[in-house]
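What follows are several structures.
Two complexes are shown next, each including chain A; its partner changes from chain B in the first to chain C in the second.
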Partner chain A sequence: MRNLHRLLGQSKKPYFRSVQQPSRAATTSPLSNDQQTNVETLRKIYSNSVDVVFRSFLIGGKTQATLIYIEGLSDTEEINTNLLRPLMEEFEEGLSLRQLFEKKVNISKIDALSTYEDCVEALSVGKPVLFHEGDSSGYALGLNRWDKRAIEEPEAEAGIRGPREGFTETISVSTAQLRRIIKSPALKIEPVKIGSYTQTQVLISYVEGIVDKNILEEVRTRLSRIEIDGVLESSYVEEMIEDNPFSPFPQVKTTERPDTACNAILEGRVAILTEGTPFVLIVPTTLFSLLQSQEDYYQRFLISTLIRWLRYTFVTLSMLLPSLYVAILTFHLEMVPTSLLITMSASRESVPFPALVEALLMEVTFEVLREAGVRLPKQVGAAVSIVGALVIGQAAVQAGIVSAPMVIVVAITGIASFMVPRYNIGIAFRILRFPVMFLAGALGLLGIMLGLIAILIHLCNLRSFGIPYLSPIAPFRSADLKDVAMRAPWWMMNTRPHQTEEEFNQYRQAPAQKPGPDRNK
Partner chain B sequence: MKHKALIVGRIAALLGILQMLCGCWDRTEINDMALVTAAAIDKDERDGIELSLQVFMPRALGSNSGGSQGGGGQKLTLVRSSRGQNIADAVSKIQTKLPRKVFWGHCKVFVLGEEFARKGVREEMDFLARHPQPRERAYMFVSKGKAIETLNLLPPLERYSADMMRKLSELKIGLKVTMKDFIIMLGGDSKAAALPMLDILPPEEGEQPSQGVPYIAGTAVFKEDKLIGDITLQTTRGVLWLTKKMEKATITVRPKDAKSGFITINPNHHVIHQTPRIVNGKWQVLLSIQTSGDLVQNGTNWDPMNLDLLHAMEAAVQDSIKDKIELALDEVQKTMKADILGFAEDFHRSYPRQWGRVKNRWDEVYPTIQVKTDIHVNIRRPGLSTVPVAIPEDEVKKK
Partner chain C sequence: MIEKGKISGMQMGFMMYPTVVSTAILMVPSVTEKYAHNDLWISTLLASLVGFISMYIAYQLHRLYPNQTVIQYSVHIIPRLAGKVLGLLFLFFYLHSTGAVVREYADFISDAFLPQTPMIFIASSLLLLSAFSVRYGVESVARSAFIFTIIFAFPVIFLLLLIPDLTPGNILPVMEHGILPSLRGAIVPQSWFSEFFMISFFLPFLSDIRKGRKWGLISVFAAMISLTTINLTILLLFGDRVSGMSYPVLNAFRYIRMGVFFENFEAIIMAIWILGNFVKVSVFYYSASLGLAQWLNLKDIKPVVLPLGILIIIFAYWSLPSFQDVTYYLTGTFAYYGPLMQTIIPACLLSIAFVRRKRPSSS
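Up next is the complex of A and B:
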C-alpha cells in the first residue's frame, strides 16, 4: 500500500526512499463525499488498465452509482443476477441504500470502505466496489472468484500411503485444507501482507497452546521486517527470514502436503503459507526433521525405523562416496582389499585422467543430466534419460574415458541423494560433495576429515529460529530420540519435541496406551 | 553478515591455495603404481642378495572384459629381479627396470630362498620392518631351492602364485607365520623361528615348466637368524600341537585290537594348556590337550555306539597324537636344538629368576627339558551313520 500515495500523486518521494524508511505507517486518503470524485480518482489510480471495469448505472432508476471490478477476479454472473438486476429494478421510495442492501441484495459479505487504500485492496483481491451518490463510503462486495487449479496429489512429495491431496496456489483453499485436518479453534491463522507491488498474502498458522510463544513472536517479527516489492514464491520469504543465509543447509522446511504441515503444527512449529504457491514453510526446523518423510509415520514403525537408518547412511554416502573413492585410490591404495584393487586397477588402466578429474567429470555430468531432466519438456525427457544413461554409463566406459567403478560410484551417489524426502536438504549435501571432493583430491582421507569437521562445526553453529540445527543430538535430548534415532510407534510418542528452554506443552497424548488384547482387563 | 562473507571467502581462498602447495600433490594415481604381489629374496653368487618382485599387470586383466577371464594359466604378473647389497639397494635397481613406482602395500607374500636363509635373514628383515609400506601381516615362507621360482609359477586355480601361497598359508595346514610373528620370534627369548617351507610340485608331463604348483612341504627351522634345517609336514603337526596352534586336523589310526581297517577323526575343538614346571630342579613342560571331534570314517567293524569300543578308538587317536608330538620333540628339541616351541618364553614368564640364571646357556638346558603329555580325545559325533556301513550286521563288533 506504500506506493499508493505515489500513484495518487500525493508524495514526491522516490520509491526507494520509502523502502529504506523503517516506518511503515500507511498513509490513508479518505474517500470524498462526491461519488464522481471517488470514481475519477480510482480511474486515475487504475489508468491504462483495460482489465478494470467501471460500470455506471442508476439504482432504482434514480441514484447514480458506479460499480468497479477487475475482470477475471470477480464473478460477473453473480454481479449481473444478484447485484445489478435487483438494484436496477424500480422500488418504493424512502429506502436508504443500507436498507436496500438488506432487502434486495443477496450477497453474503459486504464491507464498507472509507479510504482509497481499502478500495484498491478490495479491488485487487477481486471484490467489486460500489459507489453511489450521496454516500461517502464505498462498498466491497464479496463476489471475488477466479479460476484456480484443482487439488492434486503433490508430485514432489508422493507417497504410498497417506492422504493424496496437496496444497494449491490458492491460499484460501490451503487454509481450508488445514482447517479440515485441525478442526479445533486453537488453530490460528494470522495474516501478513508482504510485497509492496504483489501485496501477497502470507499467513502464519499455528496451534495456540502448543506453539512456543517466543518462536511465534520471532516469526511475526521476521516477517514484518521484510520489505520487498514482490513475493512470487515462498522461497522469497524463506530467504528473508533465515538465520544463516550463507549456509548451504536449508533452515526452513518446505512442504506441499497439508498432512505434513499439520504434523509440524501439532509438534509446536509454525507454518507460513504464501499466496500463489503450494509450498508452505515450516519453522523452526532441524536437520533430522528435514530427513524425515511424512510417510515414516504412516508405515509400520519397524520399517520406518529401518528406512530412516538407511536414509541417514545414504545421505552421508551421497556426500562422501566420490570423495572416498578419490582419496583411497590416490592416497591410500593399501586400504583396498588386494583382489578388489586388482580389478579396479585393471579397469582404470586405460583411463587418461587422474581419479579426481574422473570423479569431477562424472559428477558434473550427472548434475547436468539431472538438471536437464527437470527442466526439459516431458516429451523430450525420455530421450534425455536414455542418452544420459548411455553417455555416463556404457559409452563412457567403453570409450575408456572413465572407469566402470567410477560409474558405479556416481550411480550410487545419485540414487543416494534422492533417498532424501526433501529436495532442498538433498541439494545441500550434493553441493558439499564438490568441496569435499577437492579436499580428498588434495589431502586424501585427511582432507575428507577436515571437510567433515568443518561441516560439523557449521552444523553445530547453525540455528533455525533459535533452535539448534542438530537438536536433539546436539544439544542432546534423549526423550526426542524416539523420533530421530528411530520412529517410535504412536503409543510411545507421548511427548512433543522440545523446542526452546521455555516451558512448553509437553504431552501430546495419554501415557501407557500400548494396545493389546489384555488392555481392557 | 559482511564479516561472515569475508570468512567464507577466506576459507575458499585457502582451499584454492591449498591445491597449489606441492606437498598436497604427492598423490600417486593407481596407474602409476607397480603393485607388488610377492617378493622373493635369494642369495646371489657373491656377497649380496637377489631380489625378485612379482608385479601385477593390470593390462593383462583387460579393462573391457571386466576381469571375468582371469586365471587359467594366463599370465597376470611379471617378475623382475635385480642384485644388490641389500633389499633397499636391489629395489632401487629394480625400479630402473619398471616404469611404475614400486608399491609394497599389497605384497602379502615374502619368500626367502633356502640358501639366503642359511646365510642369515636379519639384515633384510630390517628393511621390511622399517619401510612403511610392506604389511606386517604379510606371510613369510622359505622355499626349497631358489625363491624366484615360486614367483614364476602360474598356478591354474588362482590368478597368480602369490595368491595361491597366501591361501595355502591361511588354510593352516602347516604353520602360518606373518612377518610380525617372524620378527618377534627372531627377537624373542628362544632365538629360534619357524617358517612354512614351500616346495614346487613339478608339472605333469607335457605341461609348461611354469605350470608347477607351490605347496607346503614342511617347516623351516631357524636358529638365531639362520636356517638350520627343515622338518616334514608330519613333524609339523606335532609342532602345531606343542605350540597350541593346531586348528584342523585329520587323524587316521588303526585301533590296536581292531582286526582290520582304519578310523579317521577330525578333531575340531581343542583346549591345550602348556605349563612349564621346575620340579626338583628338573625342567618340565606339562602339555595337556583336550580335543574333541567327529568320526569321519570308520573302516573297522567296530560299533562306535558301544562306549568301550569308542573309548578304544579314542585311545588309539590319543596315541597317534602322542606319537606325533614325540616325533616333533625328537627332531626339533633333541636333534636341531632349536626352541621353535617357545619354551623359553614360557619359562621366562613362569620362572623369571630361574630363567635368568640359565638364559646364557639356554642352548644346553633346552634339549634336556622333559615334556609330559596328558591327552584326552573325545569323539563326539559319529556322523550320519552309527554302525559301520556296508557289512552284514552279524559281523559288526558290538562288544
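Up next is the complex of A and C:
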C-alpha cells in the first residue's frame, strides 16, 4: 500500500515541498526604499523572461521611474495615453507623485504594493507596476487586458429552449454572468488560489442564507487542502475533492451554462469556478441531479416529466440491454416468443461466436467509434461515420461476423446512452455495461441481478460532500420526489431539495400559486 | 455504540417485509395446503398473529431497554452469565437461520434455473454481496432494502393477469372440518412471522421510535395480506393440484402470458425474487454480525462480518446436507425452533423484565 502511494505521487517526503516553491522565499521580503534595487530584484525574479518589459523613464524629466509589465497581459495603448503621457509631459512643478496620480492619471484602479510578492502577483494578472525614485512602495495599475474568447453557446450542453450563453475561460466574465442572473448581494463569491506555479484562481460561489453552512465549510476545507503545482482544468480540482475517488460515478456535476450553475446555487448547492476553463463544478450532487437536464425546467412540466421517465428507462437500458441479450440468448431462451426465436436462431446460425463474444465485439467497436469520433478533426469525421456504418451494420451481418439482432441491440444501446444529459454520468454507465455483460454471460439473469445489487449497494453508500448519492430515494424524502420522479410545475415546487439533516431554508416560494382564471377571486 | 447510522421507521418496515415474505412465498402455499387443504388462506391469517405478538414483544423490550438489542439487554434481565449464554444461543440461532436461508435460496436457484452451476457458487456470491452491504452498516442495509423491496413487490401486478384463469369455486367449502386444519396449517407459516422479532436489532437505530411501531405494524400487516393473497390465488388457480408442487408460486407465474407473445415470466420473477432474498439474507446477516460484535464487546462490526460469512456457508452445508433436509428443516424443525427463539424466549424475557421493573429494590 505504501508503494502504491509512492507510485501515485502522494509521497509525504519533504523534498517535494522544497522543490515546489523555490522563488517564494525571495519574494516575501518588503520592497526597498531604493527604486533601483527594487527594479533589479524584479529583473532577477523575471530573469530569462523576454515577455516582461522594463521601461525606464523620467517623471516630468526629473524623477527616475520604471514601469514593468508583461506583454500581452496589459493594454499598451492605455499605458501610452493615460500613464506615460501624463507623467512625462503634463507634469506640474510642486506636485508630489501621489497628488500627480490624483490629478493627472485617469486610471480607475491603482493599488499601492509593499512586498515583492504583491508585485509579482500584480504583474502576473497583467497589472503594470510602477516604481519611482523616493518612494518605498510600488503601484499596480489596473490596465490589465488580454484577449479572450467571446461568449458562445455551449456545445456540449445544447438545448432547444433556454439561454444560449455559456461560460468562457475568463473567470471575471463567468462571475459577471452569475451576477447578472442572481443580482442579490446574497450571492457570494469567495476566492481561493490553487496551484503553486499556475496560481489559478478558484472561486467558491453560493447564496448566503440558502447554502448549508456545513457543506460550505467542507468545500472550503477540501479546497484549501489541495497542494498541486498546477490546475489546468476544473477536473484537477474535481479529482482532489471527491468523496470516493474509485467510484465510477462522478460525485461532482460539471456545467458550462450559467443558468445551470445558478439553478444549483439557488437550490443551496455550491458552485466552484476555475480560471481558465468554462467548466464549473457543482457540489454536492446526487445521481438524480446528474440525470436532469436544465431544459427540463424550461419545457412545460408534462413533457419534461415524460422525458424524465423515458430518460430513466433508457439510461438503465444503456447499461443493461447488451447483458439482457446475452443472458436471454445463453440461459433463458424460453422467454423469447417462438416466432422471434426462430428468426433469431436463423440469423445467428452463421455466426461463429457465442452471444457474449458477439456482444463484447460489437460494444467495444461502438465505444471505439465513439471515442474516435470525439477527437477527430471535423474534416475527417465524415470518414469515421461512413466506416462506422459498415462496421456496425448490414455489412458486418452479411460478413457473418455478427447477427442482425445484435446490431439492433448495439444501436439501441448507443442511442440510449445518448439520452444521458451529462457526459460524466454517461461514462459510469458505459463502464459498468462491460462487467455486467460478463456476469450475464456467466450466470444469466442471476448474474445481471448480482451486478445490479452490487451497483446499488455501492450507490447507497456513496456520498457527495456528505449528501447520500441516491437521495431522495434512499434515504427516502417524499417532498423531494417532485423534482425526481417527475418534474413538478413551478407553482408546486415550493420547497428546496433537502441537503443535510440540519435545519435549512426550506421554502423557495409562496404556496398555492396555481394559476388559472379564478386564482385572484 | 457499534453502529452510528440511523434509519427511519419506514426503512425498517421495508426491510422486514421481504425478510418474511421472500422465502415464505415459495414454501408456504404448498405446506399450508398439506394441512389446511382449501382453507389454506385462513392459515396465513392465523399465523400472522405470531408476527404481531413477536413484534409487540420486541417493541416492549425496546421500551424497557432503549438503545439496546436483545444480545445486550438479556444480560441485564437475567443474571449476567445466563444472559451471555442466552446471547450465544441467539447468535447460534441467527447464524443457523441465515445458513438455512442461503441454502434455500441456492437450492431454489439451482433447482429451477441454473442446474449446472455449482450451488456453493450461487450461495457464496449472494453472501459476498450481503457482506459488502453489511460492512457498511445499518444505513446501507436499510437503504438498499428500501429500493429492492419496491422492486420486489412489483410482480404482484403480474398476478392480476391471472384473474381470468381463477376458479372462485375452489374456495368452497370453507372450514369443512372446523378451524383445526387451518390451525395446523398455520404452524409452519407462523415460524416465518416470528421473524418479526428481528426488529429488535433495528429499533435502537431508529430516528423516530413511534414511526417504528407504526411501520412495524404495517409491515406485518402487509406480509399477512401478501401471503394470504398468494395462497388464495394459488388455491383458486390450481385447486387441489397444489399438493404435488414444490414451488406453486413459480408454477403460477409460468401460467401467465401477456397478449399472445409474452410468456414464460418466471425468469424475470426469479430475478426479482433474488432482490427480496438478498434483503432477507442481509437483514439476517447484519443481525448476526451486530449481535456477535455486541456479544464480544467489539467497537466495530467490520472484523466479524467476513468470518461470519464463512461460518454461514458452512452452516448452510453442514446442517442441511440435502434438499430433503432443507424442506424438513423449514417445514418441521423451524416451525418450533423459530418461534421458540423469537417469540417464547423473548416473551419470558419480557415478563421477567416486567416483574423486575415492578420491584426495582430486588435487583
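Following the convention adopted for this analysis, the second predicted complex is superposed on the first by the 495 of 521 C-alpha atoms of A that agree within 3 Å, B and C clash if a C-alpha of one lies under 4 Å from a C-alpha of the other, contacts with A are read in each partner's own complex, and residues count from 1 in each chain.
Convention: a contact is a pair of C-beta atoms (placed from the backbone, for glycine too) under 8 Å apart; a residue touches a chain by one contact, two chains touch by 3 or more.
Everything numeric here is computed off the predicted structure, so don't read it as measured data.
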Task: With the two complexes overlaid on their shared chain, look at chain A and say whether chain B and chain C clash or fit.
output: fit
- request: Identify the partner contact of A:Lys127: answer first if only chain B is touched, second if only chain C is, both if each is, neither if none is.
  value: neither
- request: Using the superposed model, determine the angle chain B, chain A, chain C defined by their C-alpha centres, to the nearest 10 degrees.
  value: 40
Field: Partner chain(s) touched by A:Ala355 [first = chain B, second = chain C, both, neither]
entry: first
Message: Which partner chains sit in contact with A:Ala346 here, chain B, chain C, both or neither? Use first/second/both/neither.
response: first
- request: Mind working out whether A:Leu443 is in touch with chain B, chain C, both or neither, as first, second, both or neither?
  value: both
Field: Dominant contact partner of chain A by residue count, chain C or chain B
entry: B
Partner chain(s) touched by A:Ala404 [first = chain B, second = chain C, both, neither]: first
Message: Applying the document's definition of touch, where does A:Arg433 land relative to chain B and chain C: first, second, both, or neither?
response: neither
Field: First (chain B), second (chain C), both or neither touched by A:Arg487
entry: neither
- prompt: After superposition on the shared chain, which partner residues are touched by A:Leu329: those of chain B (first), chain C (second), both, or neither?
  reply: first
Task: Applying the touch criterion given at the start, work out whether A:Arg496 contacts chain B, chain C, both or neither, answering first, second, both or neither.
output: neither
Message: Once both structures are overlaid on their shared chain, how near does any Cα of chain B get to a Cα of chain C? Whole angstrom is fine.
response: 5
Chain B and chain C contact sites that coincide on chain A, given as residue numbers: 331, 334, 443-444, 454
Message: Taking the touch rule as given, give the residues of chain C at its contact with chain A in the complex, in rising order.
response: 8, 10-11, 109, 113-114, 117, 122, 125-126, 129, 132-133, 136, 139-140, 142-144, 146-148, 261-265, 267-268, 270-271, 274-275, 278
Query: Can you list the chain B residues touching chain A in their complex?
result: 1, 4-5, 8, 11, 15, 18-19, 24-25, 27-31, 33, 35, 37, 56, 58-64, 66-67, 103, 105-106, 108, 133, 135, 159, 163
Query: Which part of chain A faces chain B closely enough to touch in the complex?
result: 244-246, 329-331, 333-334, 338-339, 341-351, 354-355, 398, 400, 403-404, 435, 438-439, 441-444, 454
Field: For the chain A and chain C complex, residues of the former touching the latter
entry: 328, 331-332, 334-335, 337, 340, 443-446, 448-450, 453-454, 456-457, 460-461, 468, 470, 473-476
